[in-house]
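Let me begin by handing over the structure; questions about it come next.
In order of appearance the chains are A, B, C and D, and numbering begins at 1 in each one.
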Amino acid sequence: MSVTATRPTSVAAAPSGRLSPELCVQIYDLMLRARVLEDRLITMYKQGDGFFWIGGPGEEAFSVPLGLLVDKGQGLDHDYLHLHYRCGGTLLAMGADPVNSLRQMRNAATDPYSRGRNFAGHYSVRAWNVVPVTSPIAIQFAIALGTARAQRAGTGAKGITIVQGGDAGTAEGDFASALIWATRRGEELPLLMIVCNNRYGISTPYAGQHGYDQIADRGKAFGMQTAVIDGNDPETSYTALRHAIDYVRTERRPYLLEAMVSRLRGHSSASGANLVKGELDCLERFERVLEDRNLMSRAGMDELRERYTVELAEAHKRVRSEPHPAPSSAWDHVFADKDLVRGEA
Amino acid sequence: MATMIQAIRMALHVGESRLGVTDIFGEDVGPPLGGVFTGTQGLKTAWNTPLDERGIVGTAIGLALAGQRPVAEIQFCDYAFNTIDLLKIAGNTYWSSGGDWNVPMVLMTPVGAGIRGSIYHSHSFDATATRLPGWKVVMPSTPRDAYGLMLSAIVDPNPVMYLMPKALLRVKGDAGDPIPGEPDDDKQLSSMIDAPLGDRSAWRPRWPALEELYIPIGEARIARPGSHVTVLTYGRNVPMAVAAANELAAESIEAEVVDLRSLHPVDWAAITASVRKTNRVLCVNEDTEITNFGEHLIRRIIEELFYELHAPPRLVAGGHLPGIGLADNLEMASVPQKDGIKAAIVELARHEP
Amino acid sequence: MSVTATRPTSVAAAPSGRLSPELCVQIYDLMLRARVLEDRLITMYKQGDGFFWIGGPGEEAFSVPLGLLVDKGQGLDHDYLHLHYRCGGTLLAMGADPVNSLRQMRNAATDPYSRGRNFAGHYSVRAWNVVPVTSPIAIQFAIALGTARAQRAGTGAKGITIVQGGDAGTAEGDFASALIWATRRGEELPLLMIVCNNRYGISTPYAGQHGYDQIADRGKAFGMQTAVIDGNDPETSYTALRHAIDYVRTERRPYLLEAMVSRLRGHSSASGANLVKGELDCLERFERVLEDRNLMSRAGMDELRERYTVELAEAHKRVRSEPHPAPSSAWDHVFADKDLVRGEA
Amino acid sequence: MATMIQAIRMALHVGESRLGVTDIFGEDVGPPLGGVFTGTQGLKTAWNTPLDERGIVGTAIGLALAGQRPVAEIQFCDYAFNTIDLLKIAGNTYWSSGGDWNVPMVLMTPVGAGIRGSIYHSHSFDATATRLPGWKVVMPSTPRDAYGLMLSAIVDPNPVMYLMPKALLRVKGDAGDPIPGEPDDDKQLSSMIDAPLGDRSAWRPRWPALEELYIPIGEARIARPGSHVTVLTYGRNVPMAVAAANELAAESIEAEVVDLRSLHPVDWAAITASVRKTNRVLCVNEDTEITNFGEHLIRRIIEELFYELHAPPRLVAGGHLPGIGLADNLEMASVPQKDGIKAAIVELARHEP
């Protein structure tokens, strides 16, 4: 990366409390699956089995804990997720089938997230309150205000709203809108705002575009609870997320969490999707931790990676034979005739 | 009879008390003002937002996704132009998610000229709104339609853009065209639902016993029957076109004024029926004339009804001007007026094929 | 108002240093002229000589000092002003002819600011770098970034850019854009951001819409110099503005100044334009100061007011006979054939 | 021959070195990337903005007001829809100030489908752009026009929207249609002005000795002459329509393809001349078909040339869909393709009046 060299000193160190061995292994397993999935998607792209790749290799140490901690379900008593395009790890940790990601990558008719219409990583799962991921940067910060309002103190709703974006995108006015609307006195919203700071927006470095050290500083002006964490450490991420989610759920007030993460394959396939030198790899680092703690062996981890890789390679083969959407299907779903979000079926 | 703005307010009351509307919001929509045109006075779910149209539209989308039935207001459509990307999102979410999430929201906003609103406060929004696939777009020209279209908009599972013709908001309905349940007497209605001047903190509205009335989205209305020329219009230009047509009856020209009421989906059957009868078409609206919704209607008529036509269809619309100027002269010269509509009808009626 | 009761404790007290008697009298004279002008515009509205009134009665103690301190002129070596619709005092202090405001109120063809096209108070004076005032709230904060960039450190430009708006309007994303773009490290802009906080946006009170005590707090997150001042005191305003302008001009960095002001006639003619009870009147207060200091007598001030009132009443009569724009003039000025802003004439 | 994107880059170089352009900016426009389509590589005034389109457009307006000649980029037109209010300001400032302040800015943005860009990265902007009074709007279809229109846009004292047809950016010009001063050899040009892969920090472009060429805004170009059917189009659909027309020559149908190049002001003289010759008109563009600029052209043709027409004018445009889907099938079904254009030309040519 080198995260250690560039990470500002205000980034919190991992808390002394470690997670349980079982949880560590579970997180590792999901991080690995998420990484192997991204590798497969990139392979698909390089083989011409998809037009464009974008995703989250380098964010697994953060995205996986998030998926584990979310209160998953449908409706106001569960958490709404307004994610961006690097959240595959979160979906996997919530129990998504990775094969569906391959389907979206291949724009197959069987893609359950968008029916072959949207790019990879653009999830939509109404049953789990996962609001459609969409391309315009930062608009999710404006939209999240609505689900959060429906869950605000006094409504009796138990769920909270979680919204996530990248560092560069915080320059859009919608990020400021979220700060303003979430902190209105007497009308505070149960909103967890997450910024995954990989220190780039496509080719543009963080330095020179911001007038503060950390984006989380912007929340302080609004009296918000904030934290900056090492998002490359899954234990730190888990602990910080648990704290933030608990706070929002209990206090029904907003929280701004900034996680410093890596961008291992560059921005997207548009910049080649090749491994980038100098970025800290959270998976490798966590593997060393697990070895040190004797929770996993090198051989065991290699075997696991091999197994997942083979599984997805086989799934890829199967998905290859699934059909693309028919031309006429472009006209499906222009207007709804049922009010699905109100429970009509 | 209720004015259009009272009709809208009554529909919103029905919405929040019977149809599941949880949030009616926008700038100055809540107490004490209840909307710059009084449309949201006395509503129990009305609240004031920050001065941030993007937050308003975003919140509306989010509330809709959460299964609420939000009605959001943009104070003047002139101030909705920084939210077109969000409006596009509202319109494409159902499609983009392959039918996973619908977005049952209503966005209401006053449109058009006629109140000397100057460069801002005179914009039209129909051209822009019809360029938002996934949205339904309605625009009433009478209080009863305003009431019935709002109820339909509220229960529709899709985003519905509700355009309020500014110049008609304070116009009362025709006696023959009541809102079911409104008291006969205007003064009585006003004393029940209009907030008093001065301190309103203790005031509560007394709502009449309103019945539900759904004007279906996608159904036009013949505002004035006629057989010589078809005028396709909506909103403020409906009474203007009717007045023009009535005056022309003296010259034995009978124009049929079709109040589209819904711009999308448009009532193509009604348009076809009228054009087949009159063989001459005039489209009238206030929006700027280049890339205008009336041009769409003309294109489709040309495509599907060319050999029915006894004259080239015409458009009377706003000038392609950067703004509508404040001075009387400027406003009058910039958007359709009755005389221009009359002249166009006469020209069409007299046109020799 | 009562400003004293509601004004947060962080509002700076008037500095002990008073302004010179001459300057006090000059400021008073301009405040009075500005007030009398607004009174006349409201009268015109009430007499049907104009469709709509909006303006700045209650902001004179701030707007006049601003006009006096601006480096007036055309081009990069002078200050650009991106004002809102309550800045009549600033224009008068810069030397504008009040009769032109009557012309705009009456939408006369002779209105030099918009040729009868725009509402009262929507100034435009290219010769003085006064950028057209326009209705959409807060967009001036985005546009000001451009003139400020043209004047940034290294360009050699001597002027700075001053942008002003209301309190409620700071919720628009453009205010956040200005904070972000003005403070980019190494690319800081010579931008003075002013918020005139009258504690209302039309009918909506400040309380309940903001998650901080003062709007200026938002600048702190960006490392900006900020101040909150009693904008009802012309001496405080003058001193604070002089300091802020000097800072921006010398350091070529941004500054955020929040002035607490009054709204003596409500939002606009839409709410009646009548006197509002409980708002502190800066002019009255300053008159008492001048009396106390023996700089002006009550009689002298009354006489002055009478004189200005009569002058404008007469001007109003004259303006009444000036023509409205011809219908066909709507088509003038759609496209420029000269590059006026580049000096073509 | 230069590609269109190289042509644009060379025009920007001429702009910043000879025409007073001080700032070329947008997301990823500066080093190291020089634009997601390489349009701004090696330019000395190119810089990276924050990820904030409103800031970009606002800055452009402000720079223009300050007498600079800014060229701003919105990375994809799909991301310009939160700035329409600011674009309106750029278009109305000269008018609103009664001729006091002009706004000499250029906004460039890639538009259209053809690269499997999915729901975003496939939008068109021509309908929206032609709804912005006070703006001139251009869209080249060849590298030479791209070069000459950019130079005209830069020196124009008004805001000019420069739409870049994404699918043509990497297409090379015809040998007979050079940019004055470009080297004959593509490889040589590339070695001079294309940034190398990998580390570019030490790289500097070597610009050819370019001459100024101004393609006047408002002048169309006959991309292919013909006498049976007029095709009015621009951007990506020009080569597509030319290919369709060339194929139809075998069937003895000679279509005339008019490359409008300027959408506003439009070259009405050229349109009239062609329609008078062919008496049949097809409008082709990729934008969604309801309230579409082609519908404007048809309306005006109907209004002014009705009795010249031997067939109802037709529009081939994008579907009124919330988005353009990623899958091949979806994109192909959503925007005009060569076969659809051919079919429409044939139908028009064979139409019996």
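Heads up, the rule we're going with is that a contact is a pair of C-beta atoms (placed from the backbone, for glycine too) under 8 Å apart; a residue touches a chain by one contact, two chains touch by 3 or more.
Nothing here was measured: the structure is a model prediction, and the numbers come from that model.
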| item | value |
| --- | --- |
| Selected interface, A-B versus B-C, where C-beta contact pairs are more numerous | A-B |
| Most distant chain from chain A, judged by the mean position of its C-alpha atoms | C |
| Inter-centroid spacing, chain D versus chain B (mean Cα positions, whole Å) | 34 |
| Cα-centroid distance, chain A relative to chain B, in whole angstrom | 41 |
| Centroid spacing, where centroids are CA-atom means, of chain A and chain C in whole angstrom | 46 |
| Touching two or more other chains - residue numbers and ranges from chain A | 114-115, 117-118, 134, 136, 171-174, 177, 180, 184, 208-209, 334 |
| Numbers and ranges of chain D residues touching at least 2 other chains | 50, 52, 54-55, 79, 82, 85-86, 94-96, 119, 133-134, 321-323 |
| Chain A to chain B touching residues, read off their complex | 75-76, 80, 111-115, 117-118, 122, 124-126, 131-132, 134, 136, 139, 141-151, 161, 173-174, 177, 180-181, 184, 332-344 |
| For the chain A and chain D complex, residues of the former touching the latter | 51-52, 107-109, 114-119, 134-138, 168-169, 171-173, 201-204, 208-209, 270, 324-331, 334 |
| Contact set on chain C toward chain A in their complex | 171-177, 179-180, 182-188, 207-212, 217-218, 220-224 |
| Residue ranges of chain B in contact with chain D within the complex | 54, 79, 81-86, 88, 91-92, 94-96, 119, 127-128, 130-131, 133-134, 264, 288-296, 298-299, 302-303, 306, 312-315, 320-323 |
| Residues of chain B that touch chain C when the two form their complex | 27-28, 30, 32-33, 36, 48, 50-55, 78-79, 82, 116-121, 319, 321-323, 325-330, 332-334 |
